[in-house]
Amino acid sequence: MSRQAGRQAVLLKLLLCMSLAITGCRGNHELNELHIVHSAAFDVAEDGKVFVTAEIARLTPGGQQPKGMQDQTFYLSEKGNSIFEAGRYIRSKSDRTLLWGHTTSILISSQLAKQGLKRHIESIRRLRQFRNSTLVYITEGKASDTLRVKKPMTTITSQVLRGLTEGGDNTALTTKVTLVDIYTGLINQYRDLVIPSIQVVADQDAGQQKLLQAQGLYLFQGDHLTGQLSDEYTKGYMRANNNMIGSFETVACTGGQDSMSFENINNRAEIHVMLDINSKPRTQIDIRTDLNLNSVQCNDIPITPATIRKWESQLNKSIGNEVENFLRYTQKHKSDVLGIGERLHRKYPKQWAAIKPRWRELYAEMEVEVKIHSRIDHTNFIVLQPDSYEGTPGL
Amino acid sequence: MSNHTPISHNSEHNKALLQEMLQHAGDLIISEIHPHKQGAATVCYLDGLSDPMKLEQMLLLLQNEEGMLAPFRQSQPIDTLEEAADLIAGGYAVLLYAHSGSGLAIHTLGLQLRSVDEPTSESVLKGPRSGFTESLQNNIALLRYHFSSPHLKVEFRKLGTLSRTNIAILSVAGLTNPKLVKELHKRIDEIQADSILGSNTIEEWITDNPYTLFPLTETTERPDRVIGALRDGRMAVVVQGTPFAILLPFTFLQAFQVSEDYYWSYYVSSSIRLLRLMCGLLGMFLPAFYVATVTFHHELLPTPLLQSIAAAKEPVPFPAVVESFAMMIAFEIMREAGVRMPRQVGQAVSIVGALILGQAAVQAGIVSPIMVIVAALTGICTFTLPPTDVNYVIRILQFAMTLLASMLGYVGIMAGFIMLITYMSSLRSFGIPYLSPAAPFSFANLTDVIIRRPHPYDNKLPSLFRPLVKWRFRRQR
Amino acid sequence: MDKHTVISNRQMLAIVALATVGTSSLYAPATLVHYGGRDAWYLVLMGGAIGIINVSVFVWLNRLYPGRNYISVILLVFGRWIGGPLALMSTLFYIDVGTWVLREFSQFFVIALEPTIPIVWYLIVGALMCGYAVRLGIEVIARVSEIIFFITMAAFIAIYSVLINQYHPEYLLPVLEHGLLHPLKGLMLSVSWFGDVMFISMILNHVRQTKQTPYYIAGAMGVILFILLLAVVTCIVVLGAEATSTFTYPSISLIQNISLFRNIERFDAALVAVWVMSAFVKITVYFWAGLQALSTVFRLRHPGRFVWPLAGAFVISSQYKAWGLIEISNFYDQYAWYFVLFQLGLPMLVLLAALARGKLSAAS
C-alpha cells in the first residue's frame, strides 16, 4: 500500500472513531441524573393492582464531608399491573431516573403475600438491577406506612431494617432472607419459605413515636402466606434449621415466679428422616446446644454439678417443647419449612416418586421426635453465691 | 566530499588546504615546529578542544624523540588531508610531516565536561550513584570500571555525515548472540542522518518499527543498568555528547525493572516489583475504571460510597468523562511545567497548583473531589516506574482507555485492553517478541521479571535474548 | 499469510481451552441442567468422553496428512467434485459458528449490562477487534490467547472459590435418580458444546509438533472438562438445579451472589470483562479458521485483503441471523445436530475415507 493510501486509511479510521464518540452514547447515566432507591414497599391497591413505594435518598451536596448514609429520604409511589409497570410509572413523578440497583430491603404487605408472591418475585428477578442480596420482609398492614415510620437512629429505612435483621444473630427472633433465597426456594421447592416480619410498634418512652421491630417469621405454603410464627416458634425454627447463632433461654425456678436466664451460644441440629414399611415418614431431630448461665433470681442455690444437671434437664424440656410446638404449628398449616420432603427425596428416591403427590397430607400426620441435649458450659464471672458465706461466725 | 587529497610535501600547501577544509575556523591553530632529528612538522589542533597539558607533553616528546610518539596512546597514522580535517574536528592534534608526506594524529581531547555525578533522571536509594556524562571516553571507562572483563567488546563507529559523532557498540563476546550484533551493525550502516543530536536520533533509525507508539529500545543514564543488560545478553550503544546510552533489544516488561531491584533483598525487591506492576496497570486503567463505574455500572460500588460520590458530584455540571479528561490534562500540565520551570519559581508554582486543583476547583464545583483523588493517584502511579518511554506511553493510553470507557463501559475497557495486547504481541524488537516473557510464555523468565530470584539461585540466563551461554554458574548443591 | 508461522504446544492448549469453554461456561449450565437435572455433571462427563473422540479424529487426520489443514485434506481425499462442495460447506460452517458466537455475546452484553445500547455497536466493535487480530496472523492470536488464558482461568477459579461458603453439596443428591440413560437426552447438546474444539483441525498443522503434543491436547480437553464441570456443579450446589435451569445466564446469576465485606457486591459487571476476552478468542479463532479455509478452497494469494470484507459480512450476518435471544437458544437446542454434523459427523467420514484410501493405495 502506498504511503498516500496508508495515510488515507488512518484518517478514515480516526474519523470513524471520533464519530462514534461525538454522536454520543446511550446507556450511560451520570450520577447527578439519578435518584438512588434504598427500599421498596409493595402493597395491594384498592383495585387489585400493585402499589409500589420507593424510598429515595435526598442528597445534600456541599460541606467538607459527605453525609454518607445519614442523608434524608423522600418517598414516591405509584400503582400498576405489575411491579415493573408501577416502577416505570413512578418515573413520571420523579425528576430523575431511579436507580433500583442499590435497593437493600423490600417490604411486602401480608395482604399481597396472601395473594401469592411468585409472580412478583419473578418479575423482580427478571430485571438485572435488583441485587441478589436484597433483604425481604413482610409487614402487617400497609407496607408503605411501615416504610414511612420516622426512625430515631438512622434516617434510611433500609439501613434500619438491615440492622434489625442482623440482630437475629443475637436473639434468634428473626432471620435473614434474601431475594435469591426466595426465588430459588420458590422454584426449587426444596422447602417452604419463611420470611421475617417487621411490625410498627409504639415506642415505650416517647409516646407518640413509632418504632420498627423485627420479631417473628411468616410461614408460607408454596407462595401463599399461611401463618405467623410467634417468638417461641421462631426460636424453635431457628434451632431445628441450624440457623441459630445466639439466643437466650429462660427457665422458671422450682416453685415460684422467679426465673433463670441462660445465654445460648451454640446450636447444632441434625434431622434424620426415615420411611417405615408402610411408606409413612418419621422424623427425629437431635439438637445439641451450649448455654451459659447469666442471671439467677432464685435464692440460695449453690451451683454444683447436680444443680447443673437439673437445670439442663429443665432446659431440655423447655427447649423441646418449643421445637415440638413449632413443628406442630407447621404441620397444622401444612408448611414443610425444614425441607423434610426433600430429605426423604434424597434418601429414598424411588419411594419419594410415589408419595410426592400426597406429601402435604403426609407431612401433617408425620411423627416427629425431638431430642435435646443441652450443656451448660460456664457461669460467666461469678460462680459462688454471696449468700453461702452468710452466718459464718467471727466475720 | 570523499576526495583523497594526499599530504603534500609543501607544508604551506597543506596549511592552506586544511584552513579551507575547516572553514578558516578561528580556533584552528596551525604552527610549525622543528624537532631535533627530523624535518619540520606542522602541528594542527583546535584550541578549546585540546587539553593544553597533553599538548605540552606531546610537544616535549616531539622535541626529544619523535619515534616515541608512535606508540603514544591513541595515535594513528593518516594519509589524506580529509582524514586530517576530520580528526582535527574530532579533537585530535594532527602532526603533518611534509617531507615524508605522512601524518600522525594524537588524541589530546580535553575539554571541560561535567564530572561524574548522580544521574538525575534515575536515582536509587541503595546502589552506585555514578551516572554517564557527555564524554564517550569517560562513559566507556566507567563501564569498564564496573565490568572489568576482557570479554567486553567495544566497537567504535562514526555516524552522521555532518556531525561525525562517535558511538560505541558494546556486547559481551561469547555471550551475546552474534546474529543480534550483526543485525545491529547492519542497521547502523543504514543510518543516513546528517547529524546525531541525542541518542533518540539513533534509536529511531535502528528501531524495528519507527511508526509505533511503543518504544522498542530503551535508554538509561546508569552504568549499572547497562551492565545488567549486557550480562543478560543484550547490547548497548553509547553515544558521544549525551549521557543516555541505548539498550537493545527491549521488551515491554523490562520497563518495570530498575537496577535497584538487585541491591535489596529479594523479598523487598519482589514486593516492590509487584507493586510497580500493579501501578503500571492502575496508571493505565484507573481513570477509565472510575469513569466506567460511575457512568455505566453503578451497582458495583458499595451503597455508602455511591451516596458520597453522588453527593459530591451534585453541583458538578460536567459528565464524568469531561471531568476526568480535565483533571488528567491538568496533571500533565503540572508535571511538564515542573520539569521546565527554573528552581526558584518551583515552590510557588507547586503551591498554586495544589491550591488550584485541590481546593478551589472542588469548591467552585468544577470537579468532584474523588476525581481529584483518582487523577492524582494515577499520576503518582506512573512515577513509580523508571523513566523510560513506556512511562509516557502509559500516560497517553490513559486517555484512550478513558474515552473507550465512556463509550461502552467495562466492555469498552476490555476491548481496548485486548486491542492493546494484540497490537503489542505483533511487535518485535530485534526479532524478540515484544511481550515476552508473558507471551510467548516462559515461566523461568517470567519469575525473574515479576519477582526476583535470590542471587545464589539466579543461575540461568534469560533465554529471551538468545544468548550463547545458558548458565551463569552451576549450582553446587 | 501464515504459511510458515508456528505456534507452541502451550499456546495451542490455551487457544483450544479458551475457545471451547470460555463461552459455553456462561450459558451451558442452563440447558444442561434442563436436560440432566441434578445429574447434569454426568451429561458433561459423557459429552467430554465424546469430545475426546472428536479431538482424536482430528489428531489422526493430522497424523495421516501432516502439514495440511482440514480443508485441504477434504479436497485431497474426496477430489475436486465431491470434496469441493464439502470443503465449501465446512468453510461456511466456520464462518457461521463465528457469527453465532458474535451474536450470542452481543446479546449477552446487552442483557447483562445495558439494554438500551443498540446491539449493532457491540457487533461492530467485536468485528473490528477480531478482524484486526486476524489481520495480524495466528502467531499474534496465539500470544494474546496465552495471556487471556491465564486471566480467564484465574477469574473462574476465583469466582468458584469465593462462593465456597454458599455451597450446599446436598443439592446434588440423589445421584442419578432417574438412571443412567435418562439424562442422556441432552447428549447431542453436550456434544455440540464440546465439539467447538473442531477448529483445532485448522490449527494443528501450524503447531510445532513435539512428542508432547498429544499430552497437551489431552491436557486441553482436561481443562475444558474441569471448567465446564465446575461451572455446572457450582450452579447446582449454590442455586439448586431447578432454579439454574430457569436462568438465562446461570453463571452471571451465580456471580451476583458473591458478596464480600458486607458491602461489595455485583461483580458481574466487572467479570463480564472475562467473558469479553473469551468471546474475543473464540470469534477470532473461527474467523481465522474460516479465512484459512477460504484461502485453501479458492487458493487465494492475498488472504489479507479479505479480512475486512469478511468482518463486514460477520456484522451483517450476526445482525440478521435470528430475531431475538429466544430464537438463538431454541436453535442451539433443537438444531444441535446441525453443529454435531459438521463437528463430528463430517470429520469421521473424512477419516474413514482417508483410511480407506490409504488401504487401497497400500493394497495396490
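Here the chain labels run A, B and C in written order, and each chain numbers its own residues starting at 1.
Convention: contacts are C-beta pairs under 8 Å (C-beta built on N, C-alpha and C of every residue); 3 or more make two chains touch, one makes a residue touch a chain.
Note that the structure is a prediction, hence the values are computed from the model and not measured.
Chain centroids computed from C-alpha atoms place C closest to the centre of all protein C-alpha atoms shown. For the interfaces A-B and A-C, the C-beta contact count is higher for A-B. With chains reduced to the mean position of their C-alpha atoms, the one farthest from chain B is A. Inter-chain spacing, taken between the CA centroids of chain B and chain C, is 46 Å.
Chain B has its Cα centroid 64 Å from the Cα centroid of chain A.
We define each chain's centre as the mean of its Cα atoms; on that basis chain A and chain C are separated by 42 Å.
Residue positions 296, 299, 303-304, 408-409 of chain B each touch two or more of the other chains. Residue positions 113-114, 117, 265-266 of chain C are each in touch with at least two other chains.
Taken residue by residue, chain A touches two or more other chains at 25, 27, 101, 131, whereas all remaining positions touch fewer. Chain A meets chain B in the complex at residues 20-21, 25, 27-32, 34, 36, 38, 57, 59-62, 66-69, 71, 99, 101-102, 104, 129, 131.
For chain C in complex with chain B, the residues that touch the partner chain are 8, 10-11, 109, 113-114, 117, 121-122, 125, 129, 132-133, 136-137, 139-144, 146-148, 263-267, 269-270, 272-273, 276-277, 280. Residue ranges of chain B in contact with chain A, taken from their complex: 294-296, 298-299, 303-304, 306-316, 319-320, 403, 406-409.
Listing the residues of chain B that touch chain C in their complex gives 296-297, 299-300, 302-305, 408-415, 418-419, 421-423, 425-426, 433, 435, 438-441. Of all the residues in chain A, the ones that touch chain C in their complex are 25-27, 101, 128, 131-133, 180, 183-184, 187-190, 345-347, 349.
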